[in-house]
């Protein structure tokens, strides 16, 4: 299966060959942008027309939404953004499934979507003739985040195969972790995780994944540390459903200066953001040169530009 | 009067000749998009420049707002969208009239507006040198919805003249019904309605319109059934001002399978959306091939693209 | 220091030479737009590519935000607008400083920002490699408003040097007044103010500025009257912190018909908007031909287009 003209809903949807094509093009885009300040001239404008990407986000999202917009605009695509989709629909009593059917009926070239799915809306997405890119549908996957994470590993470490990727934190509630597990394994990385019992994954994909009970031992093993956001407001503290306190989490799972001292000199640290400073990573870690959190954000634009251009079947000239 | 450079505030503003021009061009746009995936190349880009459409919506609107954006972007126009206009203005104590004066002073090429009007703001709109397109100003009209409804009848039925259009539901509170009555009559269609006493129209335009007390008889008469949204949250139930219950409405006015059986085989069903599933139309009706609700949404983009291009005086090449 | 590639955070950042260049180009843009309905053809598109301006506004802003969007689109630039930045960030517990770091990491060409700053976020802005334009950061300055005010004086009065600019109203809380004081003095204007004790400025820049206790005497002195918005909801009345009532303000500081009679025939009145009708200016004043409030709005688009084009280093052809 090729990516051209198809939805991208899961890391399972994409072959190693296509991933490599996406990464090669993302890399070309990044280099070209760094030298010339633009990438649109690499895209075959003759066949382009006024392509329109529709973003449907049911919750505010600085990072992912803006990243897709930047990616689209850099390519010369146009964007319609329905930020208040859920609010707008719900106010009028329309289901998400019906909103999706309506947006698709306007014939955008690609739909980029984030919303809490249900059986009917997921069905609309699965059967959509318009390609849909999953930017966080439901709780299971966030595959473009995994793509940009993998690209950042490749970009910083020179390879993905054989890398030892340690995922630390709230694996249970993380669609990022799920998408990364599938994608990084497909590309030959070794995955392990370290998480308090409350945040350990339960689905089958994780059954055979190595678990480190001890953070410090895990850090010594890893070449890549991927922190995951702790959703304090949802899960922890007085109002939350989990007994674990932020202080207790920090004590045993935060990556700080002590851990960095035992982390390999050319290792890297990743985090999908936004980071809770002092919780998942200390401020000291965030200012270390091995921390690639902002590089991930930069790479995200070029990886998504690459993905969008492939999905649209656009030809790209070598510079 | 020609549409070039003029506001479009009411179905009364437009001649049959201009309607036909708009439909011919909308049809060209749709065919061209279906075969080539673009329409911007039909527009004379040489004279275009960076034309900017400003959308001013004081309430969230998935359908109409997104449709105008898609239409503008497909043509190669640019869009500035002020979604929170009313909120933003009101917070600072500015009237809608003054907000409109300010937006007009930025010299956009067209203003597309939806807001609750008052005498002063309507006056600003009436006297605006910038063409204003009514996307739901006040409660009286929504003329671009009527245009796309009429276009869908033409597209699906091959003509408008002689069609028997039955409007069912909340005619009283519907700016869509008002705009359709004026437009469809101008194009030679016969109009009738069927509505509970609480939703029957009171203004003079409707005085001589045929009324069917009985839904089933009305359906047998019609070639086109146009459902209208029941605004449950505003008018019905415990908090509403109308004694009629949703169940009582459904019982006598919903179009369901029983009605479809007596509806002509090549008839069509329309609805401006969002549909309250099971209230105005049953799910069975919504999945029937005669139901053109999503076709209306698709056609809306091309009809609005056509209208925008005429308002701007853009020349369009035959493909 | 040149403006090309640099941030514009304060009226102090810009030389008289650069101001004159910006005004000359803004004037060219305005004339060209009036005759041809476009300005993008003056910009060297060959070197342009798909330049992207990112707007980060933490509060709704009809005027400034829309003005920057219009300016960017007229030039042929693309815009990503993060209106709900603060909401979106704060919901997830991210600081404004971290949001800014992330947006900058997406490599937009210019960031236009309005937010309540703190030491850390201001530091991010000061050290940003991406040029940042201050559209109301914190409470101290709003330098593009000062630019458009000065341009409007030049446009309407033929010069700035020697003009007698009277600032009336809430000088204390006005970033507009601060930016204008610095800019207009640099350009040779004489500044004075007239304000109730509660609204008199306290910072050192204002120490030697002439103060008129009496409005009517001040008006006779002035060639330009600049009203400032009274933020009733913040400072006055029952819930506010200031004893002064709106009625008392009106009585001694409103500019009305009586004042106009003593104002010079070719003088002009300015206001950054939104005007509280009947408070700062009477309705009569707002409809007087000397009142240039809407001209300011029009000029704002061309001044900002000029500033954006200089910041990006774009060459502009003489028409």
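Labels A, B and C are assigned to the chains in the order they are written; within every chain, residues are numbered from 1.
The rule is simple: a contact is a pair of C-beta atoms (placed from the backbone, for glycine too) under 8 Å apart; a residue touches a chain by one contact, two chains touch by 3 or more.
All values reported here derive from a predicted model rather than from experimental measurement.
Trainee: Figure out the least number of contact steps between chain A and chain C, where 1 means they touch directly.
Mentor: 1
Trainee: Pick same or different for copies chain B and chain C, depending on whether their interface residues overlap by over half.
Mentor: Different residues, largely: of all residue numbers at this interface, under half are found in both copies.
Trainee: Taking each chain's centre as the mean position of its Cα atoms, how many Å separate chain B from chain C?
Mentor: 39
Trainee: At least two partner chains per residue is the criterion; list those residues in chain B.
Mentor: In chain B, no residue touches two or more other chains.
Trainee: Taking the complex as given, what residues does chain C use to touch chain A?
Mentor: Touching chain A: residues 49-52, 54, 78, 80, 82, 84-85, 87-89, 91-95, 98-99, 101-103, 105-109 of chain C.
Trainee: Within their complex, state which residues of chain C touch chain B.
Mentor: Chain C reaches chain B through residues 33, 36-41, 60-63, 66-67, 69-70, 73-76, 83, 232-233, 273-277, 294-295, 297-298, 300-301.
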